[in-house]
Structure formats: structure tokens, C-alpha cells
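Presented sequentially are two complexes of chain A, the first with chain B as partner and the second with chain C.
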Partner chain A sequence: MSSEAEYLALPAPDRAQHLWRYTPWHRIHPTGKPEEIPSEVSPAVVSFTLLDGSELPKGVSISAIDGNITRNIDSDVGGAFIRALSSKGAIKITIDDGVIIEQPLLLTLESTGSVSGIQIDVSVGANSQSELLTLIESGADWFGLLRLGTINDSAIFNDVVVNRLGASKLLRIEEFTLLRDAQVKLGTVGSGGVQTKGDLRYILQGRGANLQVNGSILSAGNQHNDHHVEIMHQESETFSRLKWHSSCGGKSRTIGTGMLRIAHGAKGSDSAQVFNNLLLSKDAEADSIPELEVLENEVVGCGHGTASGPVDEEQLFYLKTRGFSDTGARGLLITAFLNATLNEMGSKQIHTWLDHLISGGLSSLS
Partner chain B sequence: MSSDARDAVGDYKAGWHDPEQATVRFDAGLSEQVVRDISELKGEPEWMTDIRVKAYHHFMARPMPTWGSTELLNSIDFDKICYFLRSGDGTKGEWDEVPEDIKNTFDRLGIPDAEKKWLGGVTAQYESETIYHSIREDLESQGVIFLDMDAGLREYPEIVKKYFCSIIPYQDNKFSALNTAVWSGGSFLYVPKGVHVELPVQAYFRINSENMGQFERTLIVAEEGSSVSYIEGCSAPTYSTDSLHSAVVELIAMPGASIRYTTIQNWSNNVYNLVTKRAVAHENSTIEWVDANVGSKLTMKYPAIILKGEGAHGEVISVAYSGEGMHQDAGAKVHHLASNTTSKILSKSISKDGGRGSYRGMVTVSKKADNCKVNVVCDALILDEKSRSDTYPTMEIKNSSCRCEHEASVSKVSDDQIFYLMSRGHSEDEALALIVNGFFEPFVRELPMEYAVELNKLMALEMEGSIG
Partner chain C sequence: MSDKGVVEIHNLHVSIGDEPILNGINLTMKKGEIHALMGRNGSGKSTLAKVLMGHPEYEVTDGTVTLDGKDLLALKPWERARLGVFLSFQYPQSVPGLQVGNFLRKSVAVIRGENAPGARDFRKELKDCMELLSVDKKFLGRYVNDGFSGGEKKRLEILQLMLLKPRLAILDETDSGLDIDALHTVATGINSSVGDSACLIITHYQRILEHVKPTYVHVIVDGRIASSGGPELALKLEDKGYEWLEQGASA
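Up next, the complex of A and B:
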């Protein structure tokens, strides 16, 4: 079956599923008509270097691949749609076993035309140490990113995806599988795009796998940021933390839905997820659905939390007594709020780069 | 109770049944004629018949929910259920007038004794209709109306018509439509302005027959500045076939009023318990749902509060116990529609012997509701490797001045805690029962003493043999 036929054969997603509750499929679809697959699709322009622009080191490669990449889930409408759009646009990034890279890798995806999409298969070798920073730059009105990753035994891998789209829609679908003793930090920084729908799934398949997922979302204007994060503990002694911080200004809306599932037999799992929302204007909205499904009783802990509120008046008052203007004090508190998760994303090099990026976006909030 | 019956009932203390002595029993199955026959039998006004018929058609047209325990929901055979069964010949005002078998049942459940000692009024429902009803004279003289719902409709049609279906329309969900179509029994409680009902009033619901459907309808209106506490309990015999309990409860707290609604749900594990409960709180009023779910095969129940008036407060405190073959899908919903409203949800659940406990909740804060405060806490204990716990909370915040917090945790009973208690001389079972009672303590302290003691005993019984 062709990719197009595979997509068209799938039923429309049910809004009773939390994945599609706040952003129904037709809203994120490029034409708003789910039965359509745009015929004119521009390929993404890909650049892959070290963060300072120098060439890739030995043991890291990028190549075009034939065929599609597929997540192992039922009725994956988003994934099928991106495959239908980009059946000739799949690439593979490989980090060889044992490779240690001091400087972060920078993957820039520049979209062009009205609709653009790409599939990326990431393979991180055993015992390797690396960081990957993916920048999604503006261009197309609609961009689809489908990523599939395998983090092999004992690899240490930091991954950060930054959405810097302009007035575009982004559909981001991904699935990463962590094997034995893999240590992974996955970060999402969202400050661009007018509408973002993320369906991010992480599977702790190897004993001792360790995962930290961090989100730092800066919403302003009419932005709509909807991220669904699923973490599945399938093996024993696995560890996960999810921290998702969203600040919402203007008339923006941020949505964080999560599913933390502890499979039967995943003894000694330790997991937690937190969604925090900072509401900055009277028209901003924040929605959270942090779900838990625990099928194993021998767990170290399993919990979730969510909190939503405005900038703390006492903190604001304190900063103003120290000489800050109202705007300056607010900016500082918002930066600190977003930094709480940015700080956790990868090395100091990445953090400094991201911090600069976020500070530049604060002026757009009101 | 015979030894065979005792074996069948097991640890469930309320699982015996009496021989059925129906004076009116409808054939199993649901049709428009059944709905009209129920209405005619009760001599209801035309508007009620009309709303029943509309609700019936809505029920038939509406699909089953696609969330929750869909497998169990889809296994309900609505054609096998009896939708109306009358035992005895009407509601009595004295226990001695109640038929002997039924009186013995309620004696064993401790209802007449409780009434004498600490209740302001009692309603006892057996199958489809109330068989006993009483209220203290001093409350009656203050204008408090406490009747079964059928009598409420007969004697105060204007009040019932004003509020019936006003909080939960029949179109709300499939089971509120079913209840509206075939409702029978339940309580009607009206508390006049400024009256404080010091002693709680109680309703007890008993299903006795096999394949029975019980569809009570309860309406409580607390006028301005009044207060009342209502307690309901329920139980059923243990059969190999399933029964259905689908109630609708509507509460209205006018400005400054306070309503506490306590439920101790202890259905046998062949009962589907699919209940819709919702309250509206006007200015500076308080609604409290205190909800224990320790029985049933499947419970789907999410007591809701609509905080409509400024300064209103809502609380839902609930516990759930899921044993073998049980799924407790319970939770709470609070909707903040007005400014300076506050709410608190505390949910505790325990899963054991393959049981599944699910918290499903929703909190919304509307755009116009300034300075609201919300606190939600869900804790779950899983006692063995066969059991399961889920948490599905939804928070929708549309106002930036709101402070909303939610936290949930799932854990097991710590070996250290068991070891410590055993070192102080307790057996393993006792230690576990103590820990479980401690886990439920924030809920139990909200109950009247008599209920708290019973609940603690019940949980201790459930915990026997849980370790080792």
C-alpha cells in the first residue's frame, strides 16, 4: 500500500482521545480537509554541522534513505500524513558506537513553499556521548516533522528541538526507544509557529534506562501550542522525569497532555511528570491533562502534578523594591520560570545558546 | 442465611437476599410502553410523562460512551433488566408496618437503630420504591420537606417541576437519559430559608431481586442561608447475574446555603453503578460531596459542582476500594464560573486482587472567574502485582488570576511501615489494615462516627490475607 493510500485508509481521530481533544486533526491539517493530501510539497533544506558551523566529526553521518519510517502504534494519523507528504524525504542520522563528541551537533531544517515535511531516523550508537540540536526555521506555511530514534545501550544523548517557525503550523510526531542503561535528555523549546501539535512518545525498553523530558514553551499573540507526551516504562529499574513549563501571553493557548504508563513487570520504576503554566494575560489559556496508568505495584514512585497561575505578586514586589521596573521584574521572573527547564536541557553550551534565544522572545509577550 | 448462601456471599456482609415478594413486576426489557406504564402506575402529571418519553428516545439513540471501561459497559444487556418492581403496598411511616422480610433486611443493615440514635429522617428504598419514610417532627414543623421523590412530585409538583432536570438534563449523558425515562423512588429534600438541619438525614437503597434495575432520582434544594447533611447507603445481594443501578442526583444550594452529600456505596460485585451527580452552588454557598465506593462491579461516578455564584466553595472527598473483578472509575468535576470561588478535591484509592481504580476528574475555570483557587490531590495504593491504578485529570484554565494545583501519586505499602508495626506487636494483616485506615483517614474523619467505625471495620475485613 502506498503512503497516500495508507493515510487515506485511516479513520479520522476521535476527539474523545486526549491526544486530539484540543487540536482536532482538521485544525492542524494544512488545508483543513483531512481527506486531502497536498500535491505540491517542497522538501526541507537540511544542514548538519557542529554548533560552531564546522564539519561533522568522524563517526557521525547523515544520509538519504529509501522508504518510510513508522511508529509502532495503531491509527497513527499524524505519522501517516507526514509519510504521505514526504515519501522521498527521509534521512538517517547515525552516531557510531563509542563516539564521544564534545560539541553539540546542529541540524537545521529550513522549510520552503507552502507545505513541507521530512522524516528523520536517528540511531545513537552504544556507549556514545553526543548532543543534537535541531532547529526548525521559518519558510513553509505548514511543516511536518516525523522522527524515530533508537538510543542504544549505555549511550548518553541530549536532544533539543527548537521551533522557530514564523506564521506557520507545525506537526511534530516522534518516537524514541531507550535501550539498556541509555541516558537521554530530550528538550523542546517552542517560541515559534502559529499552531503547533506535538505527539511525542518515549519508550524505556531497556533495563536501567534513564529519561528526562523537558519543555520550555513561550507562547504569545494567537499561538496555539499543544504537546502530548507519552512515556512508557516497559522494563524494570527505569527512571523518567517530565518537566514542562509554559508561559502564555496575549491570546495564546498552551496545552500539555501526558501519559505515564508503567507496564506490568516494570519493577522498580521511578517516574514523575509535572506541567506548570504561567498565565501572563487575561486572555491566555492553559490546559493540562497529566495521566497515569500504573500496572505494577513494585514501583519506587509514580506521580504527577500540574500548577497554573499568574506571576507571583510577592516576587514581583520584591524585585521592584530592588529597583526593577514592572516590565523588567516580570521579564526576569518569566525567564527564570522558563530557565527552570531550559537549564536541564543538555550541556552549558546548549543552555547558553537557548537562554539567549528565549530572552530575545520575551518582548513579544504582553 | 444458609451456608451455601454464605459461601456465595463470601466476605460481602450484605450479600444475602430475601424471597422476592413483588406486588408489581414489569417484564424484563425497555420500551416506550414500559416508560409510559411506569408513569401511569404512579399517576404522574403529563409533563413528567412527556419528559420520560423524550428521555427514553434519547437513551435509545445515544451511543455508549467510548471512554472508561468500554468492555464492561458494552456487556450490559438492557433487555434482561427489570425496570420496575414494587414490593409491599406503599410507603410506611412506622417500621412495624413494613413487610416482615423487608423489615428484617433493614434491621440487619442497622437502619432503624441508626434512626433512633442519630438521624433527623430516614428513607428506605427497596427495589424501585420507598417502603419506609420518616422525618423528625421538629424538622417538619420548621418547614423542612423530606419525602420520597414520588411523593414529592405528588405533593409539591411546582417545586419539582422547577428544578427537575434543571442541573442534569436528560440529554447530559446516556445514563442520565435512562434514569429520566424510568426513574422511581429517591429522595426529595427541601430546606427553607435559614433553617439548619442539625442531624443528618439518611436514605438507604437496597436491591433484592436478580437482574434488577434501580433508578432513583434525588433532588435537594437548600434555600438561602440554610444547611443540611444527607447520607445515602446502598447494598445488594450477590448474584451470578448483573444488576444495574443508575441514579441521578441534583443539588441546589441557594446563596449562603450549605449541603453535604455523603455516599457509602457498598453494592455487591454484580452491580453496575452508573450514576450522575451534580450540584449548583450560588453566592457564598458550599457544596460537599463525601463519596466512598467500596463495592460494585463497575462504578462510573464523577460528582460535579458548578460554582455559579461569587464566593461559592466546593469540595469532593472520595475513597475507592477496587477488589477482585471490580473497576472503580470515579472522580470529581468542578466548574468555576464565578469570581472568588474555591474548590478542593481529595481522592484516595486502593486496588487489590486484580482490581482497577481510576480517578477521572475535570476542573475548569472560566474566563470571567477571577481569583479562583483550586487544589486537587489524588493518592493511590496498589497492594499486589495483579492490580492497577489510573489517573486521568483534566484542567482547563481560562483565567490568568487563578491558582490551580494538582498532584497525584501511586505507590505501594512500604515494607518499612509493615516492619515497624509488626515490631510493635501487630500481625501483618493488622499492620496492613492500620496503614490502609491511615491512608483513608482524611476521608473517614469527615464521616459521622457510626459510619467511620463501620468503614474502618469493612476495610480491615478486605485487607485480611492481603500479605503473604
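Up next, the complex of A and C:
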């Protein structure tokens, strides 16, 4: 069956699921008609270097691959749609076993044309140490990104995806599998795009796997940012933390839904998820729904929480007493709120770069 | 410096909603003077501190406050800070995500303006102040007051006092929650900062006044200064409590 036929054979997703409750499939679909697959699809322009622009080091490679990459998930409408669009646009990024890279890798994806999409297979070698910063840049009206990855035994891997789209829609579908003792930090920074739908799934498949997922979402104007994060503990002694901070200004809306699943037999698992929302205007809206599904009794912990509110007046007063103007104090608090997760995403090099990016976006908030 | 006080508070009345809290405070503080303000809980000490800083919760219903002749009450909190008013909070706010080093650098830049030191001089000044307060370098990488002990919070407040070099320093129960060693360290920081400023120390205890010698001691009762004197007044309060003053005030 062709990838187009596979997509068309799938039923419309059920809005009873949190994944599709707040952004139904037709709303993120490029034409709004789920039965359509656009015929005019432009490939993304890919650039892959070190953060300073220099060439890739030995042990890191990028190559085109034939065919599609697939998630092992039932009724994966988003993934199937991107596969149907981009069957000739799949690439593989490989970081070899044992490679240690001091400087972050920079993968830039520039969407082109009206509709654009890409599939990326990421393979991170055992005992390697690396950081990957992926920038999604403006261009197309609609961009689909499908990423799958395997983080092999004892690899240390920091991964940050930054949405810098303009007035575009983004469908981001991904799944990463962590093997034994892999230590992974996955970050999402959203400051662009008019509408974003993320379906992010992480599987702790190896004993001792350690995962931190952080989100810093800066919403303004009429932006709609909807991220669904699922973390599945399938093995014993696995650890995960999900921390998601969204600041919402203007008439924007942010949604964060989380699902922590601890499988039967995943003894000693330790997991927690927190969603915090900073509401910057009376018209902004934030919804957070953390969920748990625990099938194992012997866990270290499994907690969840969410909090939403405006800028704290006493914090504002404190900063004003230190000479910061009304707008300066407010901006500093918003930056700090986003920094609390941004700081956790990777090395100082990445953080400095991201901090600059977020500070530039603050002027759009009101 | 003229004879005019750095700070002149005249007939200050303050309310929260319909509840009057300060009922006619009169106080003049000059450069280099340390004024200790004592009184029972709820007598209006912290209210005075917050009103001088411009906290929006309080309404000034009468009176005037000037700093170097300028009308302080007409200014926003950040304008007061840039004019030279500093409040060391009793319970400083935590700001997760804002690193201490970054916060201090930016705050010094906006408050000291043209007189702010360059990057190299700032680092040296900061290092010297931190050494005086026995503050570890790692402090700078932590988030402002986030997860700080009580003593660490007070040290950070005094570190800011030293770096911001205010004209009027208001220290609201800076001594509370400090052990003997920390109290001594914090007092050293205060003493090193007083030279060019007027200092109002709000406290319940004589203890800090053994380390920071007050020029005057005032006692506030029911929102008014009921008695003023020299350092001996604090010793008398330590010995006799507040009752004798309250009886006098009600009479």
C-alpha cells in the first residue's frame, strides 16, 4: 500500500483523546479537508553544521534515505500524513558510537513553497555525547516534521527543537526510544508559527534510562500552540521529568497535555510532570491536562501538577524596587519564567543562543 | 550637602482600604545617620517601609515625603529606586529563572545609570562585596532567592544594598532569622554602606544595634512615633518592653 493510501485508510482521529481534543485534525491539516493530500509539496532545505557554522566533525553524518520512517502507533494520522507528503524527503542523521562532540550540532530546516515536509531518522550511538539544535525556519504556509530517534546505550544526548516559523502552521510528530542508561534532555522552544500541533512521544525502553523533557513556549497575537507529550516507562529503574512553561499574551492559546505511562514490570520508575502557564493578557488562554497511567505498584514516584496565573504582583514590586521599570520588570519576569525550563535544555552554548532568541520575542507580547 | 535632611517625612497618614495604619509620622533623616525604628507587631513599621518604597497596596491619605527635596510620593517604585531609595525586604521574593549574577548586573546598570561601573570594575566590586559578606561564587549562578535559606536571602539583600549605593536605605527586619555569625556578617555589610546614605533599620531586637550603632532610636505605637531618643532607648525597651510607652500614648 502506498503511503498516500495508508493515510487515506485511517479513520478520523477521535476528539475524545486529549491528543486531538483542542486541535482537531482538520484544523491543522493544510487545506482543512482531511481527505485531501496536497499534490504540490516542496522539500525542506536542509543545512547541517556545527553551531558556529563549521563542517560536521568525524563520526557525524547526514544522508538521504529511500522510503519512509514509521512510528509504531495505532491510527497515527499525523505521522501517516507527513509520510504521504514527503516520501521523497527522508534523511538520516547518525552519530557514531563513542563520538564526543564538544560543540552543538545545528540542523536548520527551511520550509519552502506552500506545503513542505520532512522525515528525519536520528540515530545516536552508544556511549556518545552530543547536542543537536534543530531550527525550523520560515517559508511555507504549512510544514510537517516527522522525527524518529533511537538513543543507544549510555549515550548522553541533548536535543532542542526551535520553532521559528512566521505565519505558518507546524505539525510536529516525533518518537524517541531511549535504551539502557541513555541520558537525554529534550527541549522544545516555541516562539513562532501561527498554529502548532505537536505529538511528542518518548519511550524509556532500557533499564536506567533517564529523560528530561522541557518546554518553553512563548505565545503572542493569535498563536495557537498545542503540544501533547507522552512518556512511557517500559523498563525498571527509569527516570523522567517533564517541565513545560508557557507564557501567553495577546489572544493566544496554549495547550499542554501530558501522559505518563508506567508499564507493568517497570519497577523503581520515577516520573513527574508539571505544566506552568503565565497568562499575560485577559484574552489569552492556557489549558494543561497532565494524566497518569500507572500499571506497576513498585514505583519511586509518579506525580503531576499544573498551575496557571498572571504575573505575580509581589515579584513585580520586588523587581521595581531594584530599578526596573514597569515594562522592564514584567519582561524580566517573563524571561525568567521561560528561562526556568530553557536553562535545563542543554549546554551553556545552547542556552546563551536560546536566551537571545527568547529575549527578542518578548516585544511581541502584550 | 545642605542642612536639609536627606529624607523628610511630614505628617504621613496611610491606610489600607478604610483601615488607617500610619497616623501622622514625622521623621527627618540626614546623610550618615542610622535611625532604628522599633515597635510591636502591627504597629506600622513595615507599612512605613513599604510606603516609602511605593507599594501599591497602601494609600497615602495625607502628608509629604521628600528625598533630597524631591517629592517621593509622586514617583513610581522604580523611579524611587533610581532616585536612591532601597528597601531590604523582610521576606524577599524568589524569582525562579533569573540568575543572581544577571539580576545584580542589570539592577546596578539601571539604578546607578551613568555612574554604573564597566564590566571589569563591576566584577571587582561584586567580588569585594561578596568576600565581605562571605558569599560563595556559586551564589551568582543560582536563581534569585529560589531555594535560599533565610540567611542567604538576607545576605543577598545586603549585597544589593552594597552594590546599589542608595541615598536612603530601609532595612526591614534584616536581622530576623540570622544566627550570630550571619548577623555579624550582615552588620558589617550595612556599616560599610551607610557613609553616604541615611539608613532606617526596622527591628524588634537590640541585638543588631550592638553591631550597627544607631544615631537615633524611635518607637512607633499605633502608627505614630511615640518616643525618640539615642541608643539608650533601645536598651530601655529591651528591659521594660513597650507597655510604658503605650500607656503614655493612650493617656
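Heads up, the rule we're going with is that the second predicted complex is superposed on the first by the 366 of 366 C-alpha atoms of A that agree within 3 Å, B and C clash if a C-alpha of one lies under 4 Å from a C-alpha of the other, contacts with A are read in each partner's own complex, and residues count from 1 in each chain.
Note that a residue touches a chain if its C-beta (ideal position, glycine included) is under 8 Å from a C-beta of that chain, and two chains touch if they have at least 3 such contacts.
Note that the structure is a prediction, hence the values are computed from the model and not measured.
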Exercise. Thinking of the overlay built on chain A, is A:Ala336 touched by chain B (first), by chain C (second), by both, or by neither?
Worked result: second
Exercise. What is the contact status of A:Lys348 with respect to chain B (first) and chain C (second): first, second, both, or neither?
Worked result: neither
Exercise. If you stack the two complexes on chain A, which partner ends up touching A:Ala16: first (chain B), second (chain C), both, or neither?
Worked result: first
For this session: Between chain B and chain C, point out the one touching more chain A residues.
Result: B
Exercise. Once the shared chain is lined up, is A:Leu319 touching chain B (first), chain C (second), both, or neither of them?
Worked result: second
Exercise. Counting only touches as set out at the top, which of chain B and chain C does A:Gly328 meet: first, second, both, neither?
Worked result: second
Exercise. Where on chain A does chain B make contact in their complex?
Worked result: 14, 16, 18, 264, 277, 279-299, 301-310
Exercise. Which chain A residues qualify as touching chain C in the complex?
Worked result: 312-315, 317-326, 328-329, 332-333, 335-340, 342-343
Problem set entry | Contact footprint of chain A on chain B as seen in their complex | 66-67, 367, 380, 382-385, 387-412
Exercise. So in the complex, which bits of chain C are touching chain A?
Worked result: 53-56, 76-78, 80-82, 85-87, 89, 92-93, 95-98, 103, 106-107, 110-111, 143, 160, 164
